[in-house]
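Chain nomenclature is as follows: A, B, C and D, assigned in order of appearance, with residue numbering initiated at 1 for each chain independently.
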Amino acid sequence: MCRWLAYSGAPILLSEALYAPAHSLIDQSLHSRLGAETTNGDGFGVGWYGEPDTPGVFHSTAPAWNDENLHELADHVSSGHFFAHIRAAIGSAVQQTNCHPFRHGRWLFMHNGYINEFNTLKRDLVLAVDPQLYPEIKGQADTEVLFYLALSLGLEDDPLGAIARAIALIEDAAARLGVPDPFQGTVATTDGETMWAVRYASAGSARSLYYTTDVPTLRELYPRRQLFAEVSDNARLIVSEPLGDFAGVWNEVPEGTSAIVAPDAAILRPFRPRAPVTTVPIT
Amino acid sequence: MCRWLAYSGAPILLSEALYAPAHSLIDQSLHSRLGAETTNGDGFGVGWYGEPDTPGVFHSTAPAWNDENLHELADHVSSGHFFAHIRAAIGSAVQQTNCHPFRHGRWLFMHNGYINEFNTLKRDLVLAVDPQLYPEIKGQADTEVLFYLALSLGLEDDPLGAIARAIALIEDAAARLGVPDPFQGTVATTDGETMWAVRYASAGSARSLYYTTDVPTLRELYPRRQLFAEVSDNARLIVSEPLGDFAGVWNEVPEGTSAIVAPDAAILRPFRPRAPVTTVPIT
Amino acid sequence: MCRWLAYSGAPILLSEALYAPAHSLIDQSLHSRLGAETTNGDGFGVGWYGEPDTPGVFHSTAPAWNDENLHELADHVSSGHFFAHIRAAIGSAVQQTNCHPFRHGRWLFMHNGYINEFNTLKRDLVLAVDPQLYPEIKGQADTEVLFYLALSLGLEDDPLGAIARAIALIEDAAARLGVPDPFQGTVATTDGETMWAVRYASAGSARSLYYTTDVPTLRELYPRRQLFAEVSDNARLIVSEPLGDFAGVWNEVPEGTSAIVAPDAAILRPFRPRAPVTTVPIT
Amino acid sequence: MCRWLAYSGAPILLSEALYAPAHSLIDQSLHSRLGAETTNGDGFGVGWYGEPDTPGVFHSTAPAWNDENLHELADHVSSGHFFAHIRAAIGSAVQQTNCHPFRHGRWLFMHNGYINEFNTLKRDLVLAVDPQLYPEIKGQADTEVLFYLALSLGLEDDPLGAIARAIALIEDAAARLGVPDPFQGTVATTDGETMWAVRYASAGSARSLYYTTDVPTLRELYPRRQLFAEVSDNARLIVSEPLGDFAGVWNEVPEGTSAIVAPDAAILRPFRPRAPVTTVPIT
């Protein structure tokens, strides 16, 4: 049920993060170890920041492991801030408009997990989306609705607060409609400068989430490893599952926790859904 | 803005209707004469009835003229009742879930035309869809919403009445939201036995629509033409534009008219939108 | 490295063989047990015989497990003779022209395995293809070249002999060019009436191959099982790996063996490559 | 039968050349004015030079006008040297491996036109390709064979000479095999610094070809036009047909002519096929 990767730091070729690691995201598309499914072959997406104001996105319905265009793009595009996502579809169609990351203006959003019994909840959730934003919804994925709910609830001003309110709204609708365990997963969003990630499940344990140790510490741990010498001091990866087995590199984000990775800081905080502070206009 | 074809009669290979005619639907995908666009290359769809209870559908995002699988299917599948549609997208994504014909149970539905300023109207129209049916909407095409509105308004019991009510509902929402010329086009639906088609525009002239002369008359007109000798007495085509130039074969459906083609009869009737008789439950 | 299925018997819906079984070919596209790879997600193909003279083929680059058109086709097309193949690409592009089964006139051909170091051998092998047939080669898969070699060496008159000669030719070229273990796999071909299959490896053990017990015996073994009551007496499946775990249903084809399944007989025979009896004209 | 564009100059976003002009290449994919076909919807390709050693290529089977990923790429990737090509297939499959530009090391190659009766000539031409290069041929397009012939005949050392020798070889094979009018079209190749283009037909008039006036002259002609103020002095486009109607901007390359566009010079020279100077080793 999907795997993802988020990078922030000095610009690198996308392929250094997507293809080079031993257990890269591309490898995970065929052989995920920690995911709900070992195969994540129902399309993929990449979103990257560069010169123009909004990020570029590349979405494909092909499996990441056999898409030549992804390989070309990753080998020839550099970015200091990018998201990548591989999909294992559970119900919604394999089409580009259902591929993560989703984009709105400068924002990207992606998710590993699900809204439970989405077909039961969908109409109520879509009704809670700001009618001005509603026409922008292009696909049928639960994550896209979650993104537009969070945008309707203030994502651009308060990303973690808006995600908390959106999940609270989902849990509220689920309680009303008798849907158990409404939300599961990890979420990431970014404005191109800061990355926010959340690990949370309404019930039971949430999908796995990891972040990398700061680069100066990694350099001390592995003084001879060229990669750590090359990347910038503030480079960070947040990932669904580790890209390799090096001790000291990967740190688990605890359940019910949010992570903020900015150019000059990385912070973990407890996360729990919150009822929307202001009433959402539902017409 | 799309072209379509509907066939009813004794079973024939799909290719006899789709590829064989001089100005076939496949030819129209590159060189439409009467359509709003000469190129209809944004995907296509075929729906056909055979042994099992529900019709099969084949949707592709490739242009009809270069899709090898369509050619194979058409050359190897026979049916006595089928729909085919080629798409010229105007706004919604080129993806299989936006390809006509749409299907619900035994019913197929397709459309050439548009709901004007669909993004402005979409939320109101979607709200008017029966909440039980709402989760079935898989794409973002205006036609799919029109289909689910008509289903919500009784399509399965009274196809033409339900289409009239659905268009009335669209025109009503458009009047409320200040959208001019809300509906344009030709629509076809079938339950696998009878075909119903409508030609209507809220303003100005509607997209073209033609039906074939009855086969016994065609045989008298063209006694040496093998095709007319072979097809069944009750075979009929309804099409967006004629598939060739034979005099006496193609008859225009007048504007504001519906056509009913059943195994034993073909009837034209005036058509105009009607306000829904019963109140639609909007929650 | 691919899995395949071949059916011969009274007509059934393709989905009864492709989707219904517990460990169906569709399931094997995600979770192959006996294949070289657990995932066979690099496209698929189906070839089926019906009314017209030549078989229809449907090829797709999507994984079989998420292709809606395959599901539709399988649910609405019946055939008494069909091939299906799921692909795990090892080198050649994921494109329809590399998908099995390959077709020439009334013949279909498919393969699970490989020609070792194909890039080293390809030019010599292609040169051995009948120049009249050469322009028909549409893709770059090793199997397509094997098929055209076999056609050049008399497949249409003596299928097993031609396959034996083609593999001998490959082994000869490999010996000349220093390529070890040149051929590996299982091969199936048919003219729409009889199916011929081969299990052979130049070195080591060959890919797995199974065929079903005759239906009358299965009915005695499983008197209450509806499926065995419904299928025809002479129905047979030949498969890369069993579609389920029923005792007594699946029989392994030994290594170095060919199987012939005709409407009235099923025969196993030893198989080994044979040098071409007549000189192949190489210009 | 295809249209193409080649740009060299200071880096610009690909979209400035591909989408912005009034009669852009994207517009030509639907409405070519000078091409053999008005619709060029059988896939497309882009090749661009940036940081790494070899150019990136992006190939798609979708029509250029509806491919979202092309739009994204063009809006977010800048390059000072790129090729773009839209395809109207005439015989070979619509697949990525048949999309131009083709790549070998640092070289790109594309073509508008055809090798006449390619199926008749193909085997002889493929035999003339350097056996070391032969396994690199990935598709079935005539242009790819032309490229590998030119590479075999010294393209990397003498591009125009190698193209002349390759066309001579094609014309020679055609004469031997009775194929009339063997070569038609325009060809472009580049090593990432210089662009070489050829306009030539064995018989009759060749496909159209244009290049832009030097930028300093354009600035004098159109002192208020922002675009000409922004692009670098040495920026040049070579195109199948003009991207707009501005007087003084587009200059026709005469028939039987080659164009060389280097950072500091642009030269036209007569072009005619030449028999290969050295014998090609045909085994």
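In this text, contacts are C-beta pairs under 8 Å (C-beta built on N, C-alpha and C of every residue); 3 or more make two chains touch, one makes a residue touch a chain.
Worth saying up front: this structure is predicted, and the values here are computed from it rather than measured.
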Each chain counted as touching chain A and chain B at once: C, D
Looking only at C-beta pairs that count as contacts, which pair of chains has more of them, A-C or A-D? A-D
From the C-alpha centre of chain A to that of chain D, how far is it in Å? 40
Please list all residues of chain D that touch 2 or more other chains. 68, 93, 96
So that we know how the chains sit together, what is the shape of their touch graph: line, ring, star, complete or other? complete
Residue numbers of chain D touching chain A in their complex, please. 13, 48, 50-52, 55-60, 68-69, 72-73, 75-78, 96
Considering only the defined contacts, which chain B positions touch chain A in the complex? 93, 95-97, 119-120, 122-123, 126-127, 131, 134-135, 137-140
Where on chain A does chain C make contact in their complex? 30, 38-39, 41-42, 61-63, 65-66, 68, 89, 93-94
